[in-house]
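After this come two complexes, each holding chain A, first together with chain B and then together with chain C.
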Partner chain A sequence: MVSAEKRAIRIVEISLLVASILLFIFAEITGDTFYSRLATEALIFGGLALSVDLLLGLVGLLSLGQAFYFGFGAYLSAVMLKQVAPSFWLTMLVVLVTSALLGWVTSYIALRSRGVYFALITFGLAQVAAKVVYNTRALGASDGMIGVPILQIDFLFFRLDSSDPGQFFLLVFAVIALMYGVLRYITHTPMGAIWHGIRSNENRLAYVGFKSKGPKQVAFVIAAVIAAVSGALYPMLRGFVSPELLFFSVSGNAVVTAVLGGVGSLVGPLLGSVLLTFFKSVIGTWTVHHHIIIGTAFVIVVIFAPRGILGALSKRLASGSDRKGE
Partner chain B sequence: MAENSILSARQVSKRFGGLQAVDRVSFEVEPKGVTSIIGPNGAGKSTVFNLISGTFLPDSGEVVFDGKDVTHQAPEQKLASGMARSFQITNLFFDLTVMDNLRIASQRLESTQQLLKPFSKSRLALQRTDELISEFELERAADQLAGALSHGDQRRLEIAVTLATRPRLLMLDEPSQGMSQADTQETAELIRRLSQNMAILLIEHDVDLVMDLSQHVVVMAQGQKLAEGTPQAVRANPEVQTAYFGEATA
Partner chain C sequence: MIEYLQFILAPQVVNGLSLGMAVVLMALGLTIIFGLLDVINMSHGEFYAAGAFASVSLLAIGVPFWLMLLLVPLILLPIGFLMEVALIQRVYHHKDRHILTLLLTFGVATVLEDVYKLIWGPNPIRPEAPIGGAIEFLGLILPNYRLFLMAFGGLLIVGVMWLIYKTSFGAIVRAAAFDRDMSASLGISVKRVYALTFSFGVAIAGLSGALLAPIYSAFPTMGKDFILLAFTVVIVGGLGSIKGAVIAGLLLTQVQAISSLYIPPVWTEPLVFTVMVLVLMFKPAGLFGGLKNG
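Right after this comes the complex of A and B.
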């Protein structure tokens, strides 16, 4: 069962990688913008779902306010690019450092409590932030900010253009893959095992010599950074930010995406985001009531595949190899 | 005797609302061998255990371990000092494998810097994990989830987890709880073997087991220490007999 899960994760990782390469080639050849931009958006919100999964799937903390950090990254990125310097690297560095700081400070508030109360505190924090942004004239208030400039992103040997959909897609893919890789790495360290221990039986941890607070705080800060870095990519793609990015619907969607993809698998939420984003776009062209269809699909998945797409896939792989073994 | 002991509880007390659960209880634990706390249900044994292991803080009194006042230390600090406890109700990381349970439990042997390095760098912890797996004959169960083990195996894993950091004082809360006769015998052998090299503080319902294993027995009733001494002395004590079997009517 354990190895089936590993295989399922590997299959999805490779599928996403191959699909991304194919999409990039397709975009470069045909000059497509629609699909590459849609895929870029899917990855950006996939990063947000990844941060939800770090908290929910690895540590067992349900955050209903990850949009706070996502929106923080998006707004900070827009402000940096418009008013400070149109530099990708500088913006990312500033977002990285300040979101870590923000995560660290808010962790003291959120991690005072557990379970439902933790969920409510994260929700509350995000609501407060959303209202503040919504009412701040300097940040464009309810209109948000438009006119984020197109970026020339310097690498050592080449340069990417953020207005080229294929190139920008590749960049976003690299950023999300890097964050995914860091999390995947941590799951292979004692810290990852301790996170699992917290999820499994938090009270026992003290009797094997660890406070749960420190490891939880580490996870909370990393989750904040992942959400904020993902958010920082958003204005580069869309050219604007709006207060909706901080609303509960964004946090809630990220949780739905993570659950749908498979909580705790890390790659599942990325896959979930890709599927949901395309699904929404396709159904959106048929009907404006696409939420009804997506909601129904969500209920069905939770009933029949409680561990999401990844859970269903690894179950299938496990039963397949059992049959072969007989 | 006091200079010799590894643990001393001095006048520890704990009140829960209107109930004086533990009332000025004192006893000593030798650096090697088995010291047991027995008593009827509700005598306060488990509360004493929780006060010593850091689950609760005592209202008054002190706990001294190895010459150091540890009364106000949290459980993880006590573990670092060399005190480890098991639980009466099996308390494991149920949705982790046996291997991972032991890995987490052994990780305190390493410095904190190892936490973000790959598992393979935590050599002491991995070595300890392997040792425990073979010592407790958990080889075949190593990759199973702890929650999927039989009750007997879970109880053994519970003790293995407790031993992972090589504590000098092992506190066992009813280790034979819910075990078959054969498993209980096996556990008794294990405790006897371990007690040659470490101090064991045992709470146990099975009086025969206690009398068989212990060098020193503390009897509690209604939150107070009723008697203490060798198993023979305690067994012969009329007060103890009264506490256990009620007043003689004849």
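Right after this comes the complex of A and C.
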């Protein structure tokens, strides 16, 4: 008998997969751009929320500055594509390596502290990075950078065009799904078990004979890479980057998304991002003040359902199977 | 040399001092709330903005400035009280209460910022300062309102310290911060003390918003722009330490003001943040201890 939580995760995974395939088919048949681009954006910010969940849900570290790595990835990708070479693979490789390095270096600063101090120091790091980018002329300062070229992405047997909304959506889906799969895999390894131990009780871990520092650092670096890779996809979708990508609202949104979707479930943040993005788009047609509604929903979730949508779903599944058993 | 001191350095120091007063007032509320409740109040900046907007509206309907300074904290007290009782106390006994309260107050901040946009619009509103003009002192031009701000802020800081360290209410607050179970068993209603302290911190934030609106204007994101500096001050001074908040607040704003003469002003924030990182790295509890230590 699989636990209710695992079943809930499986249900959401399959629903997201099916929905994505349907959307792709829909886009290819009707030539739709609006929904494919919206869904692509939802997945990109879902990747950012995924990195928040890795730290918060798996390791118990609340980062209020993931936008730093997201923005880093986005800007690096824009610079690479515009000024070095319009190559998807080269850009991704460079982003992967440099963001891992950046995550590794900043982990020494951020991981010196715990709990709220960690939250504040990540907040501060991102804020400073945003200020620096905002004032750096070479990066377009407050205007950001426009004119990121359209890409022809070479796979061995076929080619994708980043200007084709359906094809690019599929590519982003594959990238996010790959990162999700890797994270899911890690949770089943000894490293995942140690993360779980850190989240439950970091001090006790030392008594059992494990160091927590290394595994925390690994989590931090992976989270930085996931955020940066997600960010790197952004200019390919929108054709521009702006310093707003590094602002606190982006980090904050990612935390909201992860918490609403279900912290610790990994798939919850992706679902949360899809729901929130579409919700904002729908509600955006009649008011710009969606933060009032989202913020209120967030407060209610934190108080009454701290494990978010996924938590509520698995609770329902559990009570359902109880009834069947009677 | 004299001219350099008089026309370049001194005005910078004065500007830094008036900003410092404001930061200290913000940091006071933050640090008291953290010292007692262990809550990082992410919505503190939004209450600062609430004070500024309340002052704008009160002045607009013809309330005199001095009465407004009294009314703003009185309006914010019950709001803070309600928020503590209705929201924060609900997650207080949770294992992850640090993170949960941080998330909660963050959610409240998100809502409030949008509410301000809805009511007052996104553009800065600047109320008229009640004291105009400036005086000249040793060749220095000192705007009167800034002088008033420094004096008033100084008095307020002294008043808060007096309240926390010299009154029986302050003794109860410190006792509850030191050992809440023992305080409860001595007959103190710890829950009410928490709610009162939270609303007190919120009221000070609102008051500083009202005081600063004539200088920095009122706009929906003003809280967010200011809170990083306030957090930095609180961390450097030591979370929960009043003395620390005052000293670190005045010191860091001077660092910012004076360094902006030598480096481009946009780099002063990274500089101040570097100070915070260094403090966190080598003295994680900050320069001074918590609320209970003084």
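Keep this in mind: the second predicted complex is superposed on the first by the 322 of 326 C-alpha atoms of A that agree within 3 Å, B and C clash if a C-alpha of one lies under 4 Å from a C-alpha of the other, contacts with A are read in each partner's own complex, and residues count from 1 in each chain.
Convention: a contact is a pair of C-beta atoms (placed from the backbone, for glycine too) under 8 Å apart; a residue touches a chain by one contact, two chains touch by 3 or more.
The model shown is predicted, which means the values in this text are computed figures rather than measured ones.
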Contacts of A:Tyr117 with chain B and chain C, given as first, second, both or neither | second
Regarding the shared-chain residue A:Leu178, is it in contact with chain B (first), chain C (second), both, or neither?
-> neither
Would you check which partner chain A:Ile21 touches, where first means chain B only, second means chain C only, and both and neither mean what they say?
-> neither
So, A:Val282: does it touch chain B (first), chain C (second), both, or neither?
-> neither
State whether A:Ile150 touches chain B only (first), chain C only (second), both chains, or neither.
-> neither
When the two structures are overlaid on chain A, which partner does A:Val259 contact: first (chain B), second (chain C), both, or neither?
-> second
If you stack the two complexes on chain A, which partner ends up touching A:Pro190: first (chain B), second (chain C), both, or neither?
-> first
Decide which partner touches more residues of chain A, taking chain B and chain C as the two options.
-> C
Spell out the residues on chain A that touch chain B in their complex, using ranges where they run on.
-> 2, 185-186, 188-191, 193-194, 196-197, 199-201, 203-211, 215
If you look only at chain B, which of its residues touch chain A in the complex?
-> 53-54, 74-76, 79-80, 84-85, 87, 91-97, 100, 103-105, 107-108, 110, 114-119, 122, 125, 143, 161-162, 164-165
Hey, which residues of chain A end up touching chain C in the complex?
-> 56, 60, 62, 109, 112-113, 115-117, 119-121, 123-125, 127-128, 131-132, 134-135, 248, 252, 255-256, 259, 289-292, 294-296, 298-299, 302-303, 306
Residues of chain C defined as touching chain A within the complex | 40, 87, 90-91, 94, 96, 98-100, 102-104, 106-111, 113-115, 117-118, 224, 228, 231-232, 235, 239, 264, 266, 269-270, 273, 276-277, 280-281, 284
